[in-house]
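Sharing a structure with you now.
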Amino acid sequence: MAFDFPQKVLFKHCDPAGIVFYPRYFEMINDCVEAFFSDVIGVPFEVLLRDGGVPTAEIAVKFRAPSRHGDRLILSLEPVTLTPKSFALKITATCAGEVRFVSDSTLVYVGSDGRAAPWPDAILTPLIQFSEDTP
Amino acid sequence: MAFDFPQKVLFKHCDPAGIVFYPRYFEMINDCVEAFFSDVIGVPFEVLLRDGGVPTAEIAVKFRAPSRHGDRLILSLEPVTLTPKSFALKITATCAGEVRFVSDSTLVYVGSDGRAAPWPDAILTPLIQFSEDTP
Amino acid sequence: MAFDFPQKVLFKHCDPAGIVFYPRYFEMINDCVEAFFSDVIGVPFEVLLRDGGVPTAEIAVKFRAPSRHGDRLILSLEPVTLTPKSFALKITATCAGEVRFVSDSTLVYVGSDGRAAPWPDAILTPLIQFSEDTP
Amino acid sequence: MAFDFPQKVLFKHCDPAGIVFYPRYFEMINDCVEAFFSDVIGVPFEVLLRDGGVPTAEIAVKFRAPSRHGDRLILSLEPVTLTPKSFALKITATCAGEVRFVSDSTLVYVGSDGRAAPWPDAILTPLIQFSEDTP
């Protein structure tokens, strides 16, 4: 089952054209991933970051339709590929069923020295569970 | 010749790990494109946006190495594909020659009604010139 | 009764020292005021802004103690002074009872022409009610 | 002599009303202070922050007139009060001579343990010089 993250479009997200300024979508995407680690993985970023990090190695986003102030978006996070050192995920943002953007990104794990490392078990186990539960 | 946009990494760009928080890169990318329209195309966004807009239809970024507070980046913008209704561009960000990220994005033109439209001549002509000058 | 707005300190709010970068507090303050208009006044910004606006005329903030990633803040909004054309309010942000910052700001109303104007009744009436209910 | 920091109002600063969203002013203010430490004090934040920090203890801003996309602002930083442990400064932002906002803020010094401490000589000496040169 996908992880759903609700996000109302607020004044701060919008540009002079009255639609979301696209760099703000990347803050929403990051907030969604942060909530996913807290709520689904059970390792909140504020704990995870004491010993390591989960930088985004790459991200590609297609913007399908503009979002306006007050729109109630749902960012829906699904697993794509899990490897010992990476996790590819897709986030589809919709408003009342209309797709607004689709994001494909890959997270990697880095240890406290900032170097790539395998997922610790405390993260890997729930990532496997989530991947199995969300086919 | 590519359009070079210098950007020092400032305090506001950096996260608790001391490196650039990646959504801030998208603000830098937008600033680079805004400066390109002002300096190369000769139609600053504050003029262009009176009658239309140039939304980003899609963007894909690969983060190659982290950037730290104080790093002096150069965002180098090159043309990829120009069509009557779109402009694909690549931005390569380097610091002292080391690549930090590579961004591929596509801009489209929308008229004052928010609908896709062909590039106005005032934008198309310098885009053609830039594309020819930057093989 | 004060209007309470919960805000977890997220990764995006924090600086290289691991504490909230203070401009991010102003986004939280704005989000709190936006939620107050939506939830208490009954006129969400996305509706209000069709015909006018509520710019902040001045704001003064004292930062009492730093906030760290993961802290669960409560921004508590109280009325200070209501006039026909302005609304002064105080926001006290606390974490587990410790004050993190105190903000004093004044909102004014502007009409669709961007000029100062009296509060419309649809806003004034609930502002009076809130002021009376929160002595 | 005041320290002048030029800042063009960019697309990213502006809200649906087409004017600067006020939390973005605080990023400009921080950028101005960061440039001041780099250019005038001779201790860039990326160096200063290795051993300490200069948090803003309080800030009060009056917004006098809105700023629009494309406006070329000058943020002019002047000293107000220098003490062994604090530095109060005023920033006046103008566009073509019209005042847009006036900010009064107080910086303090904290050591690597995050506790308030006297200014190190490397910072105090140029702060004294700046204060004497800008009566």
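Per-chain numbering from 1; labels A, B, C and D assigned in written order.
Simple rule for what comes next: contacts are C-beta pairs under 8 Å (C-beta built on N, C-alpha and C of every residue); 3 or more make two chains touch, one makes a residue touch a chain.
Heads up on the chains, UniProt names are A, B, C, D = Acyl-CoA thioesterase.
All values reported here derive from a predicted model rather than from experimental measurement.
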Request  = Count how many hops through touching chains it takes, at the least, to reach chain C (Acyl-CoA thioesterase) starting from chain B (Acyl-CoA thioesterase).
outcome  = 1
Ask   = In terms of CA centroid distance, which chain is the most far removed from chain C (Acyl-CoA thioesterase)?
value = B
Request  = Would you mind pulling out the distance in Å between where the CA atoms of chain A (Acyl-CoA thioesterase) average out and where those of chain B (Acyl-CoA thioesterase) do?
outcome  = 24
Ask   = With chain centres defined as C-alpha means, what is the inter-centre distance between chain A (Acyl-CoA thioesterase) and chain C (Acyl-CoA thioesterase) in Å?
value = 28
Query = If you average the Cα atoms of chain A (Acyl-CoA thioesterase) and of chain D (Acyl-CoA thioesterase) to get two centres, how far apart are those centres in Å?
reply = 34
Two or more partner chains touched - positions in chain A (Acyl-CoA thioesterase) = 11-12, 16-17, 21, 23, 27, 30, 49, 69
Ask   = Which residues of chain B (Acyl-CoA thioesterase) touch chain C (Acyl-CoA thioesterase) in their complex?
value = 11-12, 14-18, 21, 23, 69
Ask   = Within the complex, which stretch of chain B (Acyl-CoA thioesterase) touches chain A (Acyl-CoA thioesterase)?
value = 16-17, 21-24, 26-27, 29-30, 49, 53, 55-63, 66, 114
Chain A (Acyl-CoA thioesterase) - residues contacting chain C (Acyl-CoA thioesterase), complex = 10-12, 27, 30-31, 34, 44-47, 49, 68-70
